[in-house]
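The data blocks that follow each hold one structure.
Okay, so chain A shows up in both of these, paired with chain B first and chain C after.
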Partner chain A sequence: MKRLLISTEFKHLCREKVTFIIVIFSAVLAILAFFNGHLFSETQSKVVKTALQSQQDSITTAATQLPERLSTTEPVNWWQDRYDLRAQAFYVMLNYATKPPLAQSPIAIGQADVLPYYFRMLVQEKQQVVQQYDYVHPLNLLLGQFDLSFVLIYLLPLLIIGICFNALSNEQHNGQLRLFLLQGGSASQLLTIQILLRGAIILIPFLLISNLLFVLVRPHIDPAVLLSFTTIALLYCCFWLALCAWVNSRGKSAATNAAILVTCWLSFVVVLPALINTFITHANPTPSRMQYLDSFRAHTDEAKKAAEKTLAQFFQDHPELANANGSRSDFATKKIATISAVEQAMQELDVQYHQIQQAQLDKVMWLKYLSVATLTHSMLVELSGNGLSRHTAFMSQVQMHHQALKSFFAKEIVKANQNGDFSPCKGCNARPTITDLSTLPQFDKHFSTPNVSFTPLFWLILLSMLLIYSTFKNVCTLTRPQATGRRGGHID
Partner chain B sequence: MHTQPKRPVIQIDNLVKAFADQTVLQGLSLTVNQGEILALLGPNGAGKTTTINCLLGFLSPDKGRISVAGYCPQENAALVRQQLAYIPEQVALYPRLSGLENLAYFSKVAGVKVADSDFRALLEIVSLPNHAMDKPVSGYSKGMRQKVGIAIALAKKAKVLILDEPTSGLDPSASHEFSQLIQRLARQGVAILMATHDLFRAQEDAHRVAIINKGQLVDTLSYQQLQETQLEAHYLKHIKVGA
Partner chain C sequence: MFKLTLEKEWLDAKRQGQLWWLCLIASLLLLLACTTGWQSYQSYQNDAKEVAQQEQKRWLNQGEKGPHSAAHYGIYVIKPALPFIAIDGGLQAFQGNIVRLEAHTRNDGLFRTIQDNLPIARFGSLTPAFVLQVLLPLLILLIGYPMFAAEKEQGTLKQTLASGVHPMQLFVAKCCVLFAIAFALLLPVMIYLFAISFEQGRVTTLVSRSAGLAGVYIGYVGLWSIVTVAISCLLQSTRRSLIVLLTLWAFSTLLVPKLAMNYSAAAHPLDSSQAFQSRLKREVYTEQRELALARFKQSLLQDYGVNSTNELPFDYAGARLQFGEQYADAIFDRLFGERLEQLQAQSNSYFLASLLSPMVAVQSLSMAFSASDFHHHQHFLAQAEQHRRMMQRVLNHNQRDNAHKRHGRYVANLELWQQIPKFEYHPPAFKALAHHYRVNWVGLILWLMTALLLGAIAVRKLTKEPLR
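Entry: the complex of A and B
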């Protein structure tokens, strides 16, 4: 019986022109979305590669040109001298912290276009290096990228609705269901096969093409990631198929079903995420960026005005640098002292920002369960490596790297100053104080990325199961002899 | 021309069915015997279709007893449906499938196991033109659809055939062909209940006629009485009396 129903439903679908349009559309969407994500990631990869190459080139060039610099008698401006610690620290250093896109990045560009993925490190206040971007909470960042996740979350449900809105109800209202039931057929079996086959027509091309493109174009991708992507996509679409089955099982006309399903799509995919977004934004508003910048400028001015006091505080905080004849301090030491003072003064505001981010994140964690679209999208963005988890790990690594660079230069600059390397004699060039740039702290790009949590999938499964259970109950009611109701019964 | 009626296959006893606003069937009792064609006549709203829906198991009666081939349709729907075929005014086939495919599909759903060539033979029996068998049903006339409906009943070897306005909208030739087909089925022992407004076909084809009005049986005519009566005048007399 199942084989008969499948083959007949397949015949129906094959003879509908719209089926071919939908299959082609699904395939085209997969190709378009993949390449959109892939090209975006490639651009990021190139930028990261170029940055790292220029960093490597600067080390090589410095090593090659060192003899020339040592033998020169021409005057050299220290702020342009790559062999001067101060120039390296504040102006010419090519040292990058990078977050290269992962192989699975095209799944969901997500936040990758908003969050920074590389930093050129200099010894400056960290507020100028690693905190120069507005924080945007995750839901705000899930909107609008034409990538695989966008197609899956926004467009595939529409295609599913487009092809499934009249399953069973078509037969019910045209009379075939009556004949089918009188021939001893099972309405729930018919509905199940119709929904599954129609879903397969949309999902198979999408999944086949997207997985195939990943294997061909991004061969380094971990098969487990592709499996996770496929599982998430299947379960998300299962929810929509179950919803279609449930709506169809209620015995309304195809037009009513379409209206209900489109309303559901709008609610889950557009309205609920927007409502959650608005609620979070208003419950924990992000402080003004202007306020942050104003505070930063005020603290910088204050620290510069009180230069001597700042320097004294710096040596009090770093007694290891304040050894013999430490009283003689140059521009560079004062600058580093100022940077540390500003960072300390800004700490309170930084903590405040962090707390607000955390409060928003906590709300997102629970409220995303209200919409299957938000829930699935969050998982895909995290799976792609463009989510907040990997970014947080990256930013933490960047801060550590910034701190390492600052400590390195502070120590070396104070030492060089104490040695008199910056002004060996009146009017002569400073001595080269850093000759091997490879000794600079390098960014460790192998920062740990938290694993994606698949717990939300159980929620999707639960919702789908509830819908399926309710569908079978509805179908039983629909086909059972009616004691009351319309004169013709439910099966006209 | 007509075979003699045998044992009762459809039995309706004191059937009552009410909907929220009105009582549609008020103690209706009917019997259709094996090999008999019973024409069920009545004005619109008399309760013909409600009676059929109760027989098909789509409605539960409020009172009374129904038996189709020995089973109650509400309690043993699956068993009743094995024995029963139904042809409505518009035979609902899948428009994109051919007549042959529709026949094969609905027959296989009923568990009929025959070769595809036998399905073609069935369509030949019901006189569906050869050139039409493989064409989509969307291009079929109403008469051709009715023929496919009959072929589905034939394939199923149903013991009971229920027809709801089967000749409505058919041209005289198609209507004649249709009546020949159901008479052939009756000769094979199928009990046929035909709800119709077509008094001519009822007089021509039926072994008995039952006239209902406002959910009650108002008269029955035997085959002998049918031959001796002007059915139209008789029918109108009862309907006016009942009005």
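Entry: the complex of A and C
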């Protein structure tokens, strides 16, 4: 009976033109989404490679041109001299902190188009460093990327609804259900087969093509990641299939089923996420960046006005640099001292930002369970390496690197100043104070990325199970002889 | 007869169970969206005013220093917002609304709000524009899909037509009812628009923008009402009518805008900021610049018939700084111009999608009337850059004309800082930027014409209905 049902249903689906349209559509969407995500990641990879290459080139060029610089008698502006520590620290250094996209990045671009993925490091206030960003058309950010997560979260449920909304109701409407039951068939079996087959028509092309493309185009991808992606996609679609089954089992007309399912889709995928986002941003509003800027300016002015005090504080914090410095502190040391003072003064605000983001994250942790779309999105974004976890780890590493550079230059500049390298004689060039640029601290790319939590999958499983249980109960009620007559009549 | 038909249709619509709760949900969402939109606008505007004042105060109270030090100290300018961003925030959160104006450098906007948001923000926020552009059409089609199709299924359509109602009247009555329901939701937004226009004082600018915004949304609602009723009339069952309308909606609001923008970005790629910045450095600080500076010095010496810059009747350093600024400005104009061309090509390419999706047309026009779109932002950036150049000119000329008169280091004071006027930015009248949105207007008008054509076909089919 089961085989007969499957083959009949399969033949029935094959007869319908819309089935082919949906299969082709699902495949085309997967291809488009994959390549769009892939192109995006490739662009970012190229930028990262170019940045690192320019960093390497600057080291090589400095090494080859050193003899020329040592022999020059022409006047050299210290702020343009690549062999001057001060110029390197504040103006000419090519030192990058980068976050290259992972092989699985095309799964979900997430915030990767918004958040910075490379920084050109200079010795300046870290508040200025971290505000860099890659310039793209703002409309592109507003509309977001057409990636696999978009297809999975927004479009596949619509396709599932489009093909499943009349699963049992068609048979009820034609009166075939009664005939089928009289022949000893099971309505729940029929519904299960209908829903699973229809779901498979959408899911199989999507998953097959996207996985195949990953293996072919991004061969470095970890199979475990692909398995996770497939599991998430399957469970998310399972929920929608279960929902379709449940709505169908209520015995309403096909049009009513479609309207209910579309309303559910709209609620879960469009309205609830927007509501959650609005709630979070208004419950824990991020402090105004304009006010932040205002404080930054005020603190910078204060630190500059109290330059001597700031410098004294700096040497108090770094006594190792103060030993032989005496009273002769140069411009560069004062500048670094001011930078440190401003960073310290801004720390309170930075902590405030961090706390508010943490409070928002805490709320999202719970509120995301209200919508299967937000739940799935959060897992996919983290899995692709474009989520907040990896970005936070990257930003911590950037700050550590910034600190390392600042300490390096502070120490070396004080030393060079003590040696009189910056003004060996009146009117002559400063001595080269950094001859090998490879000695500069380099960014450590191996920042830790926390593991993706798959706990939300259990919520998806639970919801699907509840829907399936309720569906079977509804189908039992629906197929009771009196109910079939009454409700079937109502449908017709 | 038309009045009777209208009453009948209104009664039918009222009897639909889903009408009331759909309208209720939409109203609540719209109310919430308007409230949060207004709050965001107020807080943005207050911060912008306060910080701009502080910044101006800082500029004036920076104390005595060399004009060039003041040029490096610079000033931050903030883009003010029109009250329309409470309705359509557009790209406000996606572009830096603060610009640092300083010597030697032309900066991009700073602090994009979206950078501080969590990934969930990419699902979008509940704004009035979102409700009107995305949810309202869905409400219209969920109410309107059975209008003709259900009557056909029940067999009451033939009876209605046999009673002497003209098919055109019946069609128009259904469209009117659907439009009236949607318009009822639009009405509070329109009242708000006109209220703020009169309250803000700048009546002529704001009223024309309000009227434009209201007109666009009325057109959009009308368009969806006609299309919904026509599809319901053209198709035989409620099921098909719903599926076709939903497919149309999904294509129009979900697929086309995203695909169009992704295509535009791929077709007109931009250099990364890293590449752009290094190109700027490479092209500004070149040997040609050094040669140009040497030529400039030589020509001055010749013009004034002196042998050394110390003998010039003005401070050479000030003149040199201004020459350097002008030299760099020409390169900035070229490089930023090239980038802007690419960005505009992306915008234009995206705007072409108005022909495929009415939502693209409406979204673009709505942002334009709200002054929160890309072109308005570019206008602000251009004004800020003009201000920066004026600042540099005044400061450098001051040094040129005065520094040689003093012995020792020349410092300027409040008198000079006051010569730089406060940066006051007012978004331009819509007319000034209207040429950018021609495709959107054409798209919207074509969509309205298509809807009317579809309506005409539906009426024609309806005329033949009793004969079947």
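The criterion applied here is as follows: the second predicted complex is superposed on the first by the 467 of 492 C-alpha atoms of A that agree within 3 Å, B and C clash if a C-alpha of one lies under 4 Å from a C-alpha of the other, contacts with A are read in each partner's own complex, and residues count from 1 in each chain.
The working rule: contacts are C-beta pairs under 8 Å (C-beta built on N, C-alpha and C of every residue); 3 or more make two chains touch, one makes a residue touch a chain.
Everything quoted here is computed from the prediction, not taken from an experiment.
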Touching partner for A:Phe422 - first (chain B), second (chain C), both, neither: neither
First, second, both or neither for A:Leu158, with chain B first and chain C second: second
Touching partner for A:Phe408 - first (chain B), second (chain C), both, neither: neither
First, second, both or neither for A:Arg15, with chain B first and chain C second: first
Partner chain in contact with A:Leu182 - chain B first, chain C second, else both or neither: first
Dominant contact partner of chain A by residue count, chain C or chain B: C
For the chain C and chain A complex, residues of the former touching the latter: 18, 29, 32-33, 36, 39, 43-44, 47-48, 50-51, 54-55, 58, 62, 76, 78, 90-91, 94-95, 98, 108, 110-126, 130, 134-135, 138, 142, 145-146, 237-239, 242-243, 246-247, 250, 254-255, 257-259, 261-262, 264-266, 269-270, 272-278, 285, 339, 343, 346-347, 350, 374, 377
Touching residues (chain side chain B, partner chain A) in the complex: 19-20, 24, 49-50, 53, 56-60, 62, 73-74, 77-78, 81-82, 84-86, 88, 90-94, 96-97, 101, 105-111, 136, 152, 156
Of all residues in chain A, those that touch chain B in their complex: 1, 4, 8, 11-12, 15-16, 174-176, 178-185, 481-491
Touching residues (chain side chain A, partner chain C) in the complex: 32, 36, 39, 43, 47, 50-51, 54, 80, 96, 110-111, 114-116, 118, 120, 131-146, 150, 154-155, 158, 162, 166, 253-255, 258-259, 262-263, 266, 270-271, 273-278, 280-282, 285-286, 288-294, 297-298, 301, 353, 357, 360-361, 364, 368, 373-374, 377-378, 381, 387-388
